[in-house]
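Several structures are given next for inspection.
There are two complexes below, and they share subunit A, which is joined by subunit B in the first and by subunit C in the second.
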Partner chain A sequence: MDALSHFLHSVPLDLFIIQTVNGIVAGMILALVASGLTLIFGIMDVVNFAHGELFMLGAYIGVVIVAMTGSFWLALTASALIVALIGAGLQIATLRPLIGRDPLNTILATFGVSLILQNFALWEFGPTVRRIPEPLGTSFTLFYLQYPWYRLFIAVLSAAIIIGFWLFLKHGKFGVWIRATAQDRIMAQAMGIPVPLVYTGVFAIGAAMAAASGVLFAPLVGVSHTMGLDWVLKAFIVVVVGGMGNLAGSIAAAIFISLLESYATIWVDPSQAVIVSFVVLILTLLFRPTGLFVSTPK
Partner chain B sequence: MTENWKNEAWADDIWYRGKVTRRRLIGWGAGAVGAAMLVPAPWRAAFGAAKPYKVGSEQPLSGAGAAGGKTAVVGLQMAADRINANGGINGRPVELVIVDDESSPAVARQKTVKMINDDDIDVHVGGFLSNICLACMPVWQDAKIVNMITVCLDTTLTTSACNRYSFRLHDYAPAQAVAFAPTLVKMAKKWHIAFADYSWGQSTRDAYANEIKKNGGEVVGTTGIPLGTADMAPFLSKISGDFDGLFAIFFGKDGVTLANQAYDMGLSKKYKFAGDGSISESTNLIAIGNKLDGFTAINRYIPVFDGALNTPYLHHFFDEAKKRLAKVDPSGPLPDKYVQSNYEALNAMKIAMEKCKFDSRDDTMKLIEALEGLEVKESDDFPQGDKTLRKEDHQAFIREFIFTIGNGTYHLQEIVPKEKTYVPPACKFQAA
Partner chain C sequence: MTTVPLEKVRPLGKARLSHTAVFWIGFCAIMALLIVAPLVLPEFWRRFLTEILIWGLLAMSSDLLIGYTGMISFGHSAFFGLGMYGAAGALIAHSPPNLWLALFFGLAGAAGAALFVAFFSTRLRDIYFAITTLIFSQIFYVIIFTWTPVTGGENGLIFSRPHLWLPFLYDARFTSTTMHWFVLAVVAASYLFLRRITQSPFGMVLQSIRENEARTRAIGYAVERYKMVSVMFSGLFAGLAGVLYALQNQFAAPDFVYFLTSGDTVIYNVMGGIGTLVGPIVGAGFFQLVRDLLSRFFGDQFPYLIPLGMIFIVMIIFLPQGLLGFARRWLNK
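For the complex of A and B:
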């Protein structure tokens, strides 16, 4: 007990608080990316390998809209809407014909779409990294650091988008259709719910969420054709740890893993701290394969 | 059900049975390929039946290094077009065989073997990512093919990992550190180095740590950040302590991320901020905006014409490269060092091939001897300036430019002559 107390006292408070803030911010961005991914899997049983490219496409559309209008907010909403339409088109053209086939078919189809989108971006926008200026340029003092307000803003806005989506699922007519389809597709169809339309709508919503996260994150890193790859691997880990198709589980897992990684950086090099998420993934697959935040089937 | 629309009358114009059969499609395809083969390559009219020199070039056209790889190819193509327009090499045209290494050492090695065996290249001029150059150098050596490195900056390429077949016509970190360290120590005595955690970043970190110490300064800490890290906040928020200067070693997309996030977290304002010029390449400044203002760096090429840089050679190079870059990238970036070093590397290869009357791979040893100790003068072929390709380690020494960034553009502070960048050779060749 003394050893634990000594260990906890040895942690510098400033670094602990800074890493807590870092973990929550990274967790909320990851939650927004992962929620689209888990939604698509939960309803459609499709592992969407093109999710990172929809994230990237959203950011590029944001670049174009900011260049035309100068408005970040317009870029955020318009790119989400445009990518939602593209997502709906992709679902109709590539995934709808594969319904009922082996899941490997949809994995290969979405992987193909991801390669096409990535190379399209390289061809259309060129190799140079592009920029979306952040709407909030100020920062506040957090111990020895100047912490940008924009990072906190991303976390808050991500939370707002996720809460808004949850309310839509809970109370909206289309949300009820989505939940009904997720529970029992055949019964939902028998009750008159247009399941193919629900599938298309769900893919469009997932794509819009990816696009919104792309625009939100672009001011921190710049926009490039490979930017989706950086987040989508982690989003997959979060979706598995949170329970495939479990929205609340994915959000909890995103924050849990990001906080764990952040705290690990207090003691080890941040590049080694990444190992934490893989350890959590392996332990989850070994001991709770349905996900950390899903009750284990009896 | 889904095919019913094809039976509608309105669909006859775009689809009916028999209009586009597979047989016809194959026939048209074969015809198109045949016609394309009959159209002469651009150089064929000028050179008749002369067999072209095949110059292989490995570049990252996809993956992490794609942004730089695309501009590198612009420089190479610019040199090849210019050479062919002026009579080729030894009266023979140059044909580029460009392969995409996908920013992966494993893929690069496979494609190197393919260029050697299937494409039958005569020489290689290329290489962008240092880990790929390191992985492929032994393959060029085994195949006895001259390898002119065009971008890779890792120190060991011409020191501990050197071999007789590989050359580097541009600078490397120890030379840049010798040129830059006196300025750095004047800026601040105690430094913290943040670096891209792979071969180039690590060897560059060591070179600067060494030279800062030699000049009376001190490096009190280092932070390695893996390539492709999207959120650098966990790394940057650990950078604190008793130092006055932050030195950054990054390139490409990581350079953009570092510049943005170091500014956002106040690091670039709190400390004297300096680093490798790769962070502030013209292709990166588009995405960084004014966040790099105050940054001091060193580079072998910057697209400005201040003072001694106002030469007709640099103007010609800039104008032509800018025109070509606009075709590759709609944002119209200015030329960068990747364009410059690829352009000059092929021009140097031309001089050596003419000097030794190179015919084929059988003449590789003659070509190596022609390249060893090669001296080139500032000209349209070498707009960056004079160069000496040292015989002992195949490393070139060139002038360097120290500059600061202000209002999102370059301000030249000092030109360091090549003689002031010399570092003793640290390479032992195996017997060829």
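For the complex of A and C:
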């Protein structure tokens, strides 16, 4: 106990609070990415390997639109809409023919899509990192740091998008269709719900959420063609830890893991902090393979 | 059961060559072609063929999981990379570099990684297995990438090639021709060994796990244990491919531990035909050949993975059996 309290006192409180804020901000973006992934998995049984690439594509489209019009908000909405259309197209071209086949085929197909998108981005935009300027220039003082308001704003906006999406699932007509399809595909079809349309719509919504988080995140680190893979890996970890196809679990897991990683960077290099999320994943697999944030299956 | 075995019905006079005979004649013919190939091919294509064999071995090892046990591994780069770094470590630490020591340490490295992955990932099925293998391979990637004092970090390791040393028989420098023959011998032996595994009672259990896991468990087989052993075997052969690659190119780089290598491995499998063992080699050859042709026609900067990715998706939709899928039953008989 003595060693523990000594250990805790060795970390300055201000650093701890800064890392908490950082962790929550990163966690909210991750939650937005992961909720698209978990939505597509929960309803279509498709593990979307190309999700990170849709995130990256959204960020690039944001870069282009900001360069053209100078408006960040226009870029955010337009990028989400364009990527939603691209996502619908991809679903129709590559996933629709695979409905009814072994789900492993869909992993392979989306993996192929991710290769194509990633190399397309490299070819079109080159290997240099692009940047979007922060739309809110102001910052506030957090201990010794000038903390940009924009970071907090991302967290709030991500939460707003997720809540809006949740309300839409709960009350919107299409949302009810989606939930019905997730519950029982065949029965939903028998009730007259156009299931293929629901699939395409779900994929488009997931893609739009990925694109929106891509644009939101772009001002923080810059846009490169490899950014997708880092995020999709993290999102996969989150989705497994949170329980596959479980929206609330994914969000909780996203914040949990981001907080842990953020605290880990107090002691280690950020590139090694990733190991923390790997460890969480391993422990989850060992002791609760169904996911940390779901009720125990009977 | 009173049915007469088919062979006895067929008149003996017109007996066709048995399946076994055709198989071995075909095997020897292809082996003869591959043995002669380096003597007639120019240097570039000689190396090209050797690399196809190495990638083919990696893909073949993963076929044991994908095609026979029904588990897609997206983490074969970890085994491949650990084999590579294990061999590199042995070649650097021991002077003069010894071929068999490199082989031993490479395999030991791959076996360690395989033990780790097998223990954790086989608890999960289907997509969960695929994702966890992917994440585990990234763990090894991060460790190798950041542990610069030991692994050389981003720059990797460079080392000199050992002699091709067969105790009491032969001791000489590797040339590109003897390298090819050495690789060919290892790959052919691995193929025969893996084929033997898949046809053994153990392999039958693996295939029954692929077909119906619940029923296999109900019959009384310890499914988890079988899965673990198959991951271990698969990892060992992937590590062997890593050792061969290290010998061929005399360097080890973290890029090969990165997830893209695993992705390529899966592509080779799907293109060539899963569950055939030779299919993945054909797939690797097809992939590398198309890639080489594309960069010849359109220049080095051409993003060859865009057309190859499209071919890959079209093949998943319209030709899910792969190029050699038509011969699958025959090859496994």
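By our rule, the second predicted complex is superposed on the first by the 277 of 298 C-alpha atoms of A that agree within 3 Å, B and C clash if a C-alpha of one lies under 4 Å from a C-alpha of the other, contacts with A are read in each partner's own complex, and residues count from 1 in each chain.
Here, a contact is a pair of C-beta atoms (placed from the backbone, for glycine too) under 8 Å apart; a residue touches a chain by one contact, two chains touch by 3 or more.
Not measured: the values here are computed from a predicted model.
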Worksheet item: On subunit A, do subunit B and subunit C fit together or clash when superposed?
Response: clash
Worksheet item: Which partner, once the models are overlaid, touches more of subunit A's residues, subunit C or subunit B?
Response: B
Discussion item. I'd like to know which partner A:221 touches here: subunit B for first, subunit C for second, both or neither.
Written reply: first
Discussion item. Looking at A:101, would you say it contacts subunit B, subunit C, both, or neither? Reply first, second, both or neither.
Written reply: second
Practice prompt. Please work out whether A:233 is in contact with subunit B alone, subunit C alone, both, or neither, and reply first, second, both or neither.
Written response: second
Worksheet item: Who does A:260 touch here: subunit B (first), subunit C (second), both, or neither?
Response: neither
Discussion item. With both complexes overlaid on chain A, does A:152 touch subunit B (first), subunit C (second), both or neither?
Written reply: neither
Item to complete: Based on the superposed arrangement, let me know which partner A:248 touches: subunit B (first), subunit C (second), both, or neither?
Response: neither
Discussion item. One more residue to check, A:271. First (subunit B), second (subunit C), both or neither?
Written reply: both
Practice prompt. Could you look at A:127 and tell me whether it touches subunit B, subunit C, both or neither (first, second, both, neither)?
Written response: first
Practice prompt. Tell me which partner A:193 touches in the superposition: subunit B (first), subunit C (second), both or neither.
Written response: neither
Worksheet item: Following superposition on chain A, which residues of subunit A contact subunit B and also contact subunit C?
Response: 118-119, 122, 229, 269, 271, 274
Discussion item. Touching residues of subunit A toward subunit C in the complex: what are they?
Written reply: 47, 94, 97-98, 101, 103-105, 107-109, 111-113, 115-116, 118-120, 122-123, 229, 233, 236-237, 240, 244, 269, 271-272, 274-275, 278, 281-282, 285-286, 289
Fill in: Residue numbers on subunit C that touch subunit A, as the complex places them
72, 120-121, 123-124, 126-128, 130-132, 134-136, 138-139, 142-143, 145-146, 259, 263, 266-267, 270, 303, 305-306, 308-310, 312-313, 316-317, 320
Worksheet entry | Of all residues in subunit B, those that touch subunit A in their complex | 62-64, 66-71, 197, 224-226, 228-231, 233-235, 237-238, 240, 252-253, 256-257, 260-261, 264-266, 269-270, 283-284, 286-289, 328-331, 333
Worksheet item: For the complex, which residues does subunit A have touching subunit B?
Response: 15, 18-19, 22, 25-26, 29, 118-119, 122, 124-131, 133-134, 139, 144-148, 150-151, 217, 219-227, 229-231, 261-262, 265, 269-271, 273-274
